[in-house]
Amino acid sequence: MAGRNSLYIPGPTNVPQRIRNAFAIEQQDMRAVDFPEFTQPLFEDLKKIFKTEEGRVFVFPASGTGGWEAAITNMLSEGDQVLMSHYGQFSWLWVQMCKRFGLNVIEEEVDWGDGVPLKRYAEILEADKGKKIQGVFVTHSETATGVKSDVAAVRKILDELDHPALLFVDAVSSLASMDFRMDEWGVDACVSGSQKGFMLPAGLGIVGISQKGLEAERRSTLHRSFFSFEDMIASNDTGYFPYTPNTLYLKGLRESVDMLLEEGLENVYARHRRLANAVREAVKAWGLSLVAKHEDLYSDTVSAIRVPEGFDGNEVVRHCYKHYDLSLSVSLGKIAGKAFRIGHLGDLNELMVLTPLIGAEMAMKDLGMDIELGSGVAAAQEYLRQK
Amino acid sequence: MAGRNSLYIPGPTNVPQRIRNAFAIEQQDMRAVDFPEFTQPLFEDLKKIFKTEEGRVFVFPASGTGGWEAAITNMLSEGDQVLMSHYGQFSWLWVQMCKRFGLNVIEEEVDWGDGVPLKRYAEILEADKGKKIQGVFVTHSETATGVKSDVAAVRKILDELDHPALLFVDAVSSLASMDFRMDEWGVDACVSGSQKGFMLPAGLGIVGISQKGLEAERRSTLHRSFFSFEDMIASNDTGYFPYTPNTLYLKGLRESVDMLLEEGLENVYARHRRLANAVREAVKAWGLSLVAKHEDLYSDTVSAIRVPEGFDGNEVVRHCYKHYDLSLSVSLGKIAGKAFRIGHLGDLNELMVLTPLIGAEMAMKDLGMDIELGSGVAAAQEYLRQK
Amino acid sequence: MAGRNSLYIPGPTNVPQRIRNAFAIEQQDMRAVDFPEFTQPLFEDLKKIFKTEEGRVFVFPASGTGGWEAAITNMLSEGDQVLMSHYGQFSWLWVQMCKRFGLNVIEEEVDWGDGVPLKRYAEILEADKGKKIQGVFVTHSETATGVKSDVAAVRKILDELDHPALLFVDAVSSLASMDFRMDEWGVDACVSGSQKGFMLPAGLGIVGISQKGLEAERRSTLHRSFFSFEDMIASNDTGYFPYTPNTLYLKGLRESVDMLLEEGLENVYARHRRLANAVREAVKAWGLSLVAKHEDLYSDTVSAIRVPEGFDGNEVVRHCYKHYDLSLSVSLGKIAGKAFRIGHLGDLNELMVLTPLIGAEMAMKDLGMDIELGSGVAAAQEYLRQK
Amino acid sequence: MAGRNSLYIPGPTNVPQRIRNAFAIEQQDMRAVDFPEFTQPLFEDLKKIFKTEEGRVFVFPASGTGGWEAAITNMLSEGDQVLMSHYGQFSWLWVQMCKRFGLNVIEEEVDWGDGVPLKRYAEILEADKGKKIQGVFVTHSETATGVKSDVAAVRKILDELDHPALLFVDAVSSLASMDFRMDEWGVDACVSGSQKGFMLPAGLGIVGISQKGLEAERRSTLHRSFFSFEDMIASNDTGYFPYTPNTLYLKGLRESVDMLLEEGLENVYARHRRLANAVREAVKAWGLSLVAKHEDLYSDTVSAIRVPEGFDGNEVVRHCYKHYDLSLSVSLGKIAGKAFRIGHLGDLNELMVLTPLIGAEMAMKDLGMDIELGSGVAAAQEYLRQK
């Protein structure tokens, strides 16, 4: 098949040439005397991406899922009470993981399309007079539904109640793409991965932990070794790793961080916002709606687009892949078939973000939906064009 | 600037990953004992791309322009009478080159937008009772205007008059993209380059020469060394080159030829035709016209699109580049400013060919033209979609 | 600094161009409908590398250390008695990990330079009349000392005693380089990583598990999620992964497995043996000795070379790196400073394996050791040359 | 075959990763408005490599051979008398080229192993009272014999005689590796290529021309088009090229020039000298001699090593390639079979330059020569080691 696949899933994202070049290196000795000259500035600069000065960032050769596990096993103990909510496939999976590790989960089920249930969280935390709840969990951008949750508001609830619970945030599909402020929001564990805003392939779990989070490790009794913060700290402090790191991806991560800081985080956020708005203009023009229930809940990295009754969103995805070499993402779990997803994050510009709109439009029309060709594209063009 | 440049000029074209990988090799010894095992099948397979069995193909580390020079200096002599026409920047430049080498050019000026003047060629050749004209020149696809000329018809004229002139064809922007038949059309010199249908970067002049053309070398008195067919034949016959070849590009050319033969030349032509039709549907929907005067003249690799009176096509190009990171091509020479050009050749698929249409649409609107956003895209989508 | 670093550590090894090219791809959707067409043959072919027909192979985006953890947490339970021995840094680290997970370790300390203590293992297992020992551990090639242990002999002991303990083997620095037979030797868990014989960068833990090992998962009560075999099986059986896999490395692994199978595993082993012998000839010619105590213990992937009294092996490593851009490996733990290590595994040929010998020779001489320049190289050349 | 080919021919040389990365780019529009921002600083910095302030440098998508032709056809006219000498294959080929272009060559035949015949040049130029000789030619480093000629001395002869002839120098295998001073030595045409000191693959002819050389173009009557300085100047002055340039290699050339200037040209020369000395120490230790007759004639980029009577140097080359995956170069022309050549230029360091010595030693021994294994290597090690 001629030409290139158009990849618009919410991660892995397109890897920019600069990062691909950073990969095209000879292997290196991760125990070389000058290796710390490479790692230590990287650890420092990573903190800027998380917007933390007091915390620290761990890089595991793993994935976001591994990052979840690292946060749990280092900071909590079997039987600990934690407050979680699920409003999509990934927040639900994190709940399952916590249960596996023997945590006592207070589990709030939320409509897919809504975000973290602030009111319920406030009620439950207020009711927790004994401050037994050890951790409160939020999925910042729920990748399955394209819903953004209000992390700052959760912090506000905790602060107002003077509740000491640790704040765990899944920022896998938001960090380095959407406004995220680890210190300001008092996030104790921020879990991310390499294959989203960092524009790398999948293969790293990147985790920011606050001082309070690091102190929690001393009390935690869950077993851990591969994901041990303590081991990581002992080695990272000297510029090394407790076991062979993924040096290739570390080189890519260096380039990624450089690119993000060169563009400026605020500009990166604004760009994602602008491109996401264009996608949303197209959806409106198509006469469709997002899974996310209202504007405040719109994620800027992924949009889950509802298809009309009688149509299968996942068929749109299969059709795009088969006929137009376009990779979109299927809808999962509770909304399986009811929507399709477009990832619009990472190294993107205007013409690139219009590409999946063209293909989706054609596919929807092909499948018999009442879509006018060019309509969504035109709305997005109008939004994006230089006036 | 985030994201990737969208490159839609009529060469260099996008280099597919397979070819980029073929480049990512260690250097090799071009005098190694097993080098002929690589070169000789390549020389053979190149002939398939030219559709010649009796001719041979030379690969110079040069460019299409170098290929022009190779054809002239090996096959003609100072003072030789040649019949040429110019209907665009590149056919005009070839005339200039012939004059530099002291050829006696019968020069037919043609409207830019028309192709080779068959009637005039027939008249002139018929009038040449002494058969003094040594060469007849055709630019198959005039890259400056997006005009295709009828090579087979020129051959027919020559045959009907039993005229022995050599037939020189510039197929730089047609070979490996549009129907081309060297043996069947009796082409004696077919000049091409690496950066168009071969999907490589610029850096090779690739020239197919018929047996009659090779015999002409014995009579030619123009000086030549770098471009000498004789030297090339002596070395190529043993699998080597008379001077250091561009082994990197030869590896890429091997991959390119494999890709073309795997897809099948007829499929490659059909794909280019189909994608070009989509572009033309957009132009029609915009209410604009091509520089090429009528359908039979449409090149399938490049379209020169006229802008309305009062607008500057080259401003469209600059605007696309500056605001949308989209590279289109300016109009040159006689039509400078009156049009802009979109290259739609090489490793392209449906979504890729729609990309420049989106950008051009936005730019034209930005610049005040009466263009409805989405209109051209929709027409092209309709043409391309699976029904 | 001009020129290329010469990397001769026991992993990461030099990544061959074919694998580097496999990396130079656009990202892909790991949920695409045709992704299983890629993964399922890969899972099958990986089994050939482990020489298992009845077992299965898991690929974690992790490291060999992660592979250790996967084997332990899926197949054992807190309090389980396991028989382990340590005779180098890596076998020692595995013991530490088992303790962390609450295993009851019968810990045999062995001289660094010896391998698995067969006699002691036999005594202890024979004394275990109640068959309480759940797991027996062997590090096949101890990377810290260059010592190979006899896995088949441990299996023989278990069989003769009809002992049902699971056999765990660390084959990180032996698999795909040295003779390894998972089924024949009755290995229940074979842990490997990407950055040694597989010739990839670090970033994958690759683990082969026997049917008996898979059945053990049902009884195991240790917490696991990221490393869960059950989750992996459920997804792998459909050609997918329970969380985002490292698709880049999977592509590289595909190429790696192809390269290994094309060369033929027996040829790969023979090549490593031959190149290792050349290194050992050099060591002999230098008048030095290996840490490995006798010939049967020599690993074919890494040699730890003792330096004379009064010299620091790690200074040799630092000197090579600083002055000759040569990366060798330091000695660790109990033998720190007493030796230096040369990795001679992966994509190597004769001239490549001679390179670290040249540099080590120069460095040892520079540092005042009584080494004749050229002596080790000559011995290795004599061994390797075509006679 | 496992492992990497060891490439030690006098060009193409090993392409460093930095340059390979510069190649791994998307194609670009060579007519983009910002293209001059890339080309113009490159043209300026190239002058530093040639050590010219008043001249200019042309970059042709061709080869060193193309560069020869460019120099001749732009600066001389048919029938012009030129003084040339040949002392190796490449100086001989340049003579042949000049004859093809109708130059009247005063041809001095010199023993292969000697350099430019200063005394004969002085006599002939002194005898040329009418100053009819238009050009004097020197091959700075004769790649076929490893002989360096004294360009400054030729300039001195011309100056002392106040002879106005243009000075043409082939610096293909010396520029960017050995001391070269275009302005100081009054070189009017300095021809180079991409695949030697510039560390790129073959594919560019890079030519430095003095003001006097540029003025000569006005008088020259040889036909030229592809290689026309005039056309090149007209376009280069605006930051563009008269026809599609090899933008890929231009990107690589940018990186190459950066690397050379970062290391410092004097350091580059010193490194080549030091590594060449090491090779020469090995040759001495083997009891062999160079083709170059005495020390002043030794080229620092390539050594042609004589084999003893009764042996075939080219068999050494074939044997190295077949058995050790080592690419050396055969001897050509008058010395065919009497020697083999090692290229030691470009991106090399100590261990890299020792590699061909190991292989050559093994091959010579294999073929029955009286060579002690390790002897040449030891001598080179001793020379190179840090004392």
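Letters A, B, C and D mark the chains in the order given here, with residues in each chain numbered from 1 onward.
Convention: a contact is a pair of C-beta atoms (placed from the backbone, for glycine too) under 8 Å apart; a residue touches a chain by one contact, two chains touch by 3 or more.
Just so it is clear, the model here is predicted, and its values are computed rather than measured.
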Problem - Distance-maximising chain from chain B - centres being C-alpha averages - result: C
Problem - Cα-centroid distance, chain B relative to chain D, in whole angstrom - result: 34
Fill in the blank from the handout: Whole-angstrom distance, CA centroid of chain A to CA centroid of chain B, is 47
Exercise for the section: Any chance you could list the residues of chain D touching two or more other chains? Expected result: 4, 14, 17, 20, 24, 26
Practice task
Just say which it is for the chain contacts: an open line, a closed ring, a star, complete, or other.
Solution key: complete
Problem - chain B to chain A touching residues, read off their complex - result: 1-4, 6, 14, 16-17, 24, 263, 268, 271, 319, 323-326, 347-352, 354-355, 358-359, 361-362, 365-366, 372-375, 377-379, 381-382, 384-387
Problem - Residue ranges of chain A in contact with chain D within the complex - result: 17, 20-21, 24-26
Problem - Complex interface listing, chain A residues touching chain C - result: 4-5, 7, 9, 11-15, 20, 23-24, 26-33, 61-66, 69, 73, 97, 100-102, 193, 195, 201-203, 222-227, 242-249, 318, 321-322, 327, 329-330
